[in-house]
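Take a look at this one; I'll ask things after.
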Amino acid sequence: MNKLTIFGICIVGFFIIIAIFAPILAPYNPGQIDIENILTAPSSSHIFGTDSLGRDLFSRMVYGARISLMVGFIAVGIASLIGIALGAIAGYYGKWVDGIIMRFIDIMLCFPTFFLILAVIALLEPSIINIMVIIGATSWMGIARLMRAEILSLKERDFIYAERSIGASDLRIIIRHLIPNAMAPVLVSITLGIAGAILVESSLSFLGIGVQPPTPSWGNILSEGKAVMGAGWWMMLFPGMAIFITVLGYNLLGEGIRERLLKS
Amino acid sequence: MELLKISNLYKTFKKHKVSAVDGASFSIFKGEVLGLVGESGCGKTTLAKLILRLIDADKGSIFYKDKDLLKISHSDMRKTRKSLQIIFQDPYASLDPRMRIGEVIEEVYDIHKDVTGREKKNKAIELLETVGLGETYLQRLSSELSGGERQRVGIARALATDPEFIICDEPVSSLDISIQAQILNLLIDLQKRKNLTYLFISHDLGVIGSICDRVIVMQSGKFVESGSCETIFRNPKHEYTKSLLESALLS
Amino acid sequence: MLLQIKNLKVGYGNIEVVRGVDLNIDKGECVGLIGESGCGKTTVGLSITKLIPERRGITSGEILFEDRDILKLNPEELRNIRSKKISYVFQEPFSSLNPVFTIYEQIKESLEEKDNSDSQIAEILKSVGLEKIIGRKNVYPHELSGGMQQRAMIGMAVASKPSLVVLDEPTTALDVTIQRQILELIMELKNKMNLSILFISHDLRIVFSIADKIGIMYAGKIVEYGLKEKIISNPGHPYTMGLMDSIPSFEHRKKLFNAIGGKAPLFSDLPIGCKFYPRCKFRIDKCLEKEPELENVSSGHVSRCIRIKDMHYGVIKNK
């Protein structure tokens, strides 16, 4: 394994641990307003400083990690389910089934995804669940295409003919033999997808139509920071860094998985 | 006794616009080893897959015990598959690389639900021993096995449903010669002991000559000559058969 | 002597895959190297011009080509030998030919003198039986069948008028009728150009039909070497006998083969003593003491087996 991959794993692991142990790690309640300490610079009592309502920024960042990662994982989870299922069905059955699914993918790809998300969020209320679902529902096409391509080549392999000759059903062949063997490139795409989903969530929250305050997410902390940019540099620096490092971590991990799985 | 009767089987691949199988008619008799010899691309593997309905034929009929395999329902076909099995050429491609050997064989029983629990494992061990591998192989991954060992697993899997007919599709052509002889020995021995019927496909006339009772010679999707192994080797009629024999360096 | 390989050892990490091979090839001679997959035969062929992948290294030995040690040449001299003196033909013609260049361009690459190249190329194409594409300068490899591609490869190999051609399984990917034609072509060129050939194959029948001398490799060493006729009439090693008994044929009908049991050992886990001991039908305890040296069976015929005497005259006593 190369050093960059290990670095990626460390980053990803670090933020997952922070998200899991948020209640233990956060020194303050992230929603606790403290009028006496508005916009104080980082110090020993507030290591990341406080925000414009006097809330402890470190605590908010730690809880924000929970939201950002949750959105990343669940959104990509939804995308993977849709993508793997549709890709596998299209690849295995071929013919008109493949035609319909592929045309549907083409149509989905024609929409500028981000504006589609903006439009849908404008219609629905911007709750965390809605955001996860809408990100998931608009980002599965790449996974589906990869899955389909893998299955197209796998299904001509002898071991799949062998399965059919011992009487295995289509469902069994797809779920037990085709999908697991096709997962390597899909896994890379999924890992990179998590980075993408975290970015989309941050962007939405930054624009004010993502995760709604007072629930902290890195995006909306950054957005609040924008308003006080001159007075509180730490309000933009820390969430910005967190987003940057996390996305970098997932990208490095994705590359590492690609190198390892696709070589063999 | 006629075990399989194939009539006027056709298959054209639209993409390549070639007739892979161009009107094949023949019978396979119970207990015989029927050889099918031809060069690459002559349609012999396609024919094998057509017979087991692993790909769909354009037209024709395949009668197995009064049932036309091309006409029966999918669920009927899945039951019939128990009696008709296939061994593939490339032992590296014919086993799911992620599965353990035990799983490969036990899966056959899972699918047909006729053996369960402990009995399944015992059956798997018995089969592995039949093909010259032991219990120790149950937990091994196919990727850890040599070509010859994998081919033995492929044979064990084919035997798991207790079939009466097995298509051997170039079962030894990707193996080293010393391993090739071992596998041919195993196939000859199994055929005699279980009174199996083989359709034995190969491009190698040496292999065909050493194992078959009757031979069909195939060229570009068509049968050019067929007869007893004796006649084909000693007294070939068709020019193509003659040129194959001349080229085969059999001396 | 054109080529002398002396005690060649090639390692891969800590593992030796060629464990001391000696091989001589005379001018105009065809030496066949037989072995099963993974025995090191391809590595021997590639080592001759140091074509082995970087991770593998030649750890010791000499390769004397026209009395100069190839292993001591500088890169410039080595390139010179590769381009003019020694050429290769591999198993897969399609992956050996560059798909984006025409056959004409690729043969031209191999020519020694580029003047008047068209007539030279035409002559080469004619000599390898590709009269059909003479003058057709825009023919790409994918437009040719496998057999014709291999003919083109052979054309490229002989274009520089080399003295040695290494053929590594050149007919394995081809159909039998084409295989026969390619072998005939190789023989014809060999006689016409007085070529020396190292013919590497797993297929005894092919090597028997083409080689003058034969070496049989097992687990990284040559276990038997000699004139073809001597080996065929009187094999001197149990492995060779096993291989010959494993050749399927019509004469052998419906009988079980006298096959070699077991499988080849891994280089990382070689048995002690004779490397063939675990699979050998004629083994005795003495075989475990040390790996046998090559000993004379008769003149010009050597074998790495201490039971040569017992096997001679066709009498083989089991243990």
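Going by the order they are written in, the chains are A, B and C; count residues from 1 in each one.
We adopt the following convention: contacts are C-beta pairs under 8 Å (C-beta built on N, C-alpha and C of every residue); 3 or more make two chains touch, one makes a residue touch a chain.
Owing to the predicted nature of the structure, the values given are computational and were not obtained by experimental measurement.
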From subunit B, the most remote chain by mean C-alpha position | A
Closest chain to the protein CA centroid?
-> B
When centres are defined as mean Cα positions, the distance from subunit B to subunit C in whole Å is 33
At what distance in angstrom does the C-alpha mean of subunit C lie from that of subunit A?
-> 55
Euclidean distance of C-alpha centroids - subunit A vs subunit B, Å = 48
Where on subunit A is subunit B touching in the complex?
-> 157-159, 161-169, 172, 177, 180-181
For the complex, which residues does subunit B have touching subunit A?
-> 49, 52, 54, 78-79, 81-82, 84-86, 88-90, 93-98, 107-108, 111-112, 154, 157, 160-161
Report the residues of subunit C in contact with subunit B in the complex, numbered from low to high.
-> 36-37, 175-177, 179-180, 202-206, 208-209, 242-243, 245-261, 263-264
Using the touch definition up top, name the residues of subunit B that touch subunit C in the complex.
-> 39-40, 146-149, 176-182, 184-185, 188-189, 203-207, 209-211, 229, 233, 243-244, 246-250
